[in-house]
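Letters are used for the chains, namely A, B and C, taken in the order the chains are written, and counting of residues starts over at 1 for each.
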Amino acid sequence: MIQHVDNPVVEIHDLTVTYNKKPVLWDIDLTLPAGSIIGVIGPNGAGKSTMIKSIMGLVPLNSGYVKVFDQDLQDVRSRVSYVPQKESVDWDFPASVMDVVLMGRYGKLGLFTRPRKADKEVALDCLRRVDMEAYAGRQISQLSGGQQQRVFLARALAQEADLYFMDEPFAGVDAATEKAIINLMKTMSEQGKTVVVVHHDLQSAVEYFDWVVLLNLRLIANGPVPEVMTGQLLQETYGGKLTLLAEVGELLTKKEFPSREKE
Amino acid sequence: MEAFWIIAAGSLVAIPCGLLGCYLILRQMAMVGDAISHAVLPGIVIAFFISGQREPISMLLGASILGVITTFLIEFFHTKARLQTDASIGVTFTWLFALGIILISVFAGKIDLDQDCVLYGEISYVPIDLWITANGTIMGPRVMYIMGAVFIVVLLFIIIGYKELFLTTFDPKFAAASGISVALWHYLLMGAVSFTTVGAFESVGAILVVALLIVPPATAYLLTENLQKMMLITAGLGVVVSFFGYYLAAWLDGSIAGAMSLVAGVLFAAAFLFSPQEGLLTRKKRMAFATNKDS
Amino acid sequence: MEHLWEFLSLSDPNIRYVVLGSVLLAASSAIVGTFTLLKKKALVGDAVAHSVLPGVCLAFILSGVKNPIYLVIGAFVTGWISLVLIDFITKRSKIKEDTAIGLILSVFFGIGILMLTVIQKSGNAAQSGLDHFLFGQAASLVGQDLVVFSGIALILMVAVMIFFKEFALIAFDTNFAQTIGFPVRALELVLTTLTVLAVVTGIQAIGVVLMAAMLITPAAAARFWTDKLKVMIVLAAGLGAFSGLVGAYISYVAPSMPTGPWIVMVISIIALLSFFLAPQKGILFRMFTQRKFQTQMLEENILKLFYHLGEQSDHQYYQARNIEDITKKRPFNLAKLRKGLKNLNQQGFLDYSEYGWTFTNAGKNKGQRITKLHRLWELYLTEYLRIAPDHVHEDAETIEHIITPELEQRLEEQLQYPRLDPHQSKIPYQD
């Protein structure tokens, strides 16, 4: 069940990514539709985060290419936003909630320019949308897990992008935050924005997303929820390990085999 | 007057070191800072030997080149030879520092530089080491000019790059995703650190630079949760450390650089114990207070 | 040369002290360093090394004499305190470990320098030699020093032998050690104590400033030559001892040279050579392997191409082909192609005549095998990874070169000896 769409927001072509020479994504080929809430689902170590990072140009690609809005990422960076896993930063950092949300504006400001009043108003408005307005002056070290995630979302909103990538936004947050995040995503999608979410809870996936990518080192399915979230495809994602593929991967790592011949 | 020049020189070194140190400790790269401050030594010695005197431009150049080479080597051994990071840092800086000391011994007698000045610095000579122009005008202590220049460059770097340094330090992935080059700012910061260590080398010696790079920022880190305030407190601590360091050294008749480190250490210990937010004893007291109220 | 003989014959008792001392000191720190390196605590050694300076000075101020036993005790005390403080600061505040290390290191060293300068100014004649602790001066080792330092070095080596199994386990997997009931805290305490002891013994020869190198560098170098812990320890000790010997010799020949930096220089050069030249792990070795794979790929691609040409010309596999036939089918780099053809000729896969290049029997078999693997892998990708047939070629271009005969057989079985690949080309099996 791999469905291709016309005028995709993201097009991934023949993407192979290796980590220490070990392939973590094999020949991924997919397109994602605009205006939907898209879940990227698969077991641990399936390459979900890696796929998002490779779209954002954060990991080197071994082969293939990625197009966003039918262009190179470099040319449309200001329309794309990325929310890393909240564990990836040091929350003891001496910064206030406002400081972090304002970072969302940095991409639009050049060198030498400081955030202006207008930027601060945007940031405040974004905090309002995640119900964190009252915390603007608070130091980030004092936030709970759910509040940290909301701050990250506010920072992403402040980028005023059209396409959002979120890495495990529901991990380690309280129920209220989870609900708030999903409502926010629904509103965003109604405004025509696309949200791509790395997620690993199958139960809620059916409820949250309208499009799902099933991933486990290779692409297993890509399409609307009812057609993709079937017993057989999920079984294939979470069950049956491809031993041959894994062993060839091991061999590539061990021998440090070059992934392509230099012509 | 002597006291004034020495304290002023100490502050002029301590402030830029501390400001850059704030970023080093927040990036968890304190030991890379330590490594760079050691590893610039051969660059300085060679610059000394080539120019035949304490010529600031070539010294700044020599140190900056070595600093960037050090950063590169640490990364090279880590990625290409898969050496673990801490070992990569340890091997690289001890090797380059040993080279520097050996060069000093080889050139002994040919250059005005010895092991002592590497260890203790020569801050006490600041007031008598004057810059005298060709026609005989005395322009004041020579070192003040070098340090002043370093100070201004570092200050400009931090003001201009504030946003980028802040973002690449706090969340490098997000920075890269918004199109800011993380590697570029990394190397710029390391370049700035090496550059600064030259000024520091002249006054407190190559080893105690580390005390100024790490200790005041670590103290400020315990006192505030705001980066700008942290940098302001660090700068203030730099002046305090120079002031008390000078008088402590004068009283004991010992090394000013050593005394400055001691003062910095004492201030850190005070913050560690009594900081209003993070202090060990304040927290204990708060906890005791809370339990009393409950019962 | 004369110097060297005189030095190596150990006839002069002074030389004997210096040589034995340097070798023992360098070797014992290398042994302990192996464990600190494997525990990823290499830089902690740097902190201890700097932190012993105030202890040495304090012991001298209190006792007024340069007695090695007092100095060792003083060094041991402050070295230990520094480790406890680093641990304490890291656990009890938001300060991270690297900052704590740098902080303790610089403050302790600063205090040491302050004390040292105060001692120097106070004009105590006996202080001469205290500053040897900074950069090391093996030549200043006398009989009494040697007895004390070698005693400690021996204790160290024996302790490592006794606790070998335990140290190996806590270095590899602390959590596991804890679950099987090892007294992990106590063992770490022992290892920490040994680290401090190693530093204390080493400083006479190396000096506090560069002592960290003697813990880190021999172990890092040895790591590149072996995967066995025992071998690694012996090798690290050997490399450390060798550099100690060379360093002592240099400062014997040229007394103005500080011993410590020279020992560090020698061991660093050994380490750098290891990083580049060691088999398996070295940078050059790995580059060489990559080149070898590139050559292998090129040669196999040529054979595969000969096979394809044979298929196209109605299975006339043993027809002669010239360069033009080959490049028309696939644009090889000409120089590389010529070299590849020549190699294949030497290996007996191709024959050369005036008409061009021809398959030998072995060459045909190999070309056929690569073609088969390519097509099998393409089929595997389409069937098991659901990759569209027009996307599988690129990947198979790599994988065809790496599949082992064992994997080959399993691939055939799993796909049940298919006849056609996804592009409807026949999969050529060996008869």
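What we mean here is this: a contact is a pair of C-beta atoms (placed from the backbone, for glycine too) under 8 Å apart; a residue touches a chain by one contact, two chains touch by 3 or more.
Computed from a prediction, not measured in an experiment: that's the story for all the values here.
J.: Leave out chain A only, then trace which of the remaining chains are still linked through touching and list those groups.
T.: So the chains, chain A excluded, remain one piece.
J.: Using mean Cα positions as chain centres, tell me which chain lies farthest from chain B.
T.: Chain centre farthest from chain B's centre: A.
J.: Of all the chains, which has the CA centre nearest the overall CA centre?
T.: Of the chains present, the most centrally placed is C.
J.: So, what's the distance in Å between the C-alpha centres of chain C and chain B?
T.: Taking the mean C-alpha position of each chain, the two centres sit 30 Å apart.
J.: For chain A and chain B, what's the span in angstrom between their mean Cα positions?
T.: 39
J.: Using the average of all C-alpha atoms in each chain as its centre, how far is it in Å between chain A and chain C?
T.: 37
J.: Counting only residues that touch at least 2 other chains, which ones in chain A make the list?
T.: If we look for residues of chain A contacting two or more partner chains, we find 141.
J.: Could you tell me which residues belong to chain C and also touch two or more other chains?
T.: In chain C, 94 touch at least two other chains.
J.: Hey, what residues on chain B touch two or more of the other chains?
T.: 28, 221, in rising order.
J.: In the complex, go through chain A and note every residue touching chain B.
T.: It comes out as residues 53, 56-58, 74, 77, 80-82, 84, 88-90, 93-96, 99-100, 103, 106-107, 109, 111-112, 114-115, 139, 141, 155, 159.
J.: Which of the residues in chain B end up touching chain A in this complex?
T.: By the definition above, chain B touches chain A via 26, 28, 160-164, 166-167, 169-171, 173-174, 176-180, 221, 224-227, 229-230.
J.: Please give the residue numbers of chain C that touch chain A in the complex, ascending.
T.: Residues 94, 286, 289-290, 293-294, 297-298, 301, 331-333, 380-381, 384-388, 391-392, 394-395, 397-399, 401-404, 407, 410-411, 414.
J.: Hey, which residues of chain B end up touching chain C in the complex?
T.: Against chain C, chain B makes touches at 25, 28-31, 33-34, 77, 80-84, 86-87, 89-91, 94-95, 97-99, 101-102, 105, 108, 115, 119-120, 207-208, 210-211, 213-215, 218, 221-222, 249, 252-255, 257-262, 264-265, 268, 272, 278, 280.
J.: Considering only the defined contacts, which chain C positions touch chain B in the complex?
T.: Going by the criterion above, the answer is residues 37, 40-43, 45-46, 89, 92-96, 98-99, 101-103, 105-118, 121, 134-135, 209-210, 212-213, 215-217, 219-220, 223-224, 256-258, 260-262, 264-265, 268, 271-272, 275-276, 281-283.
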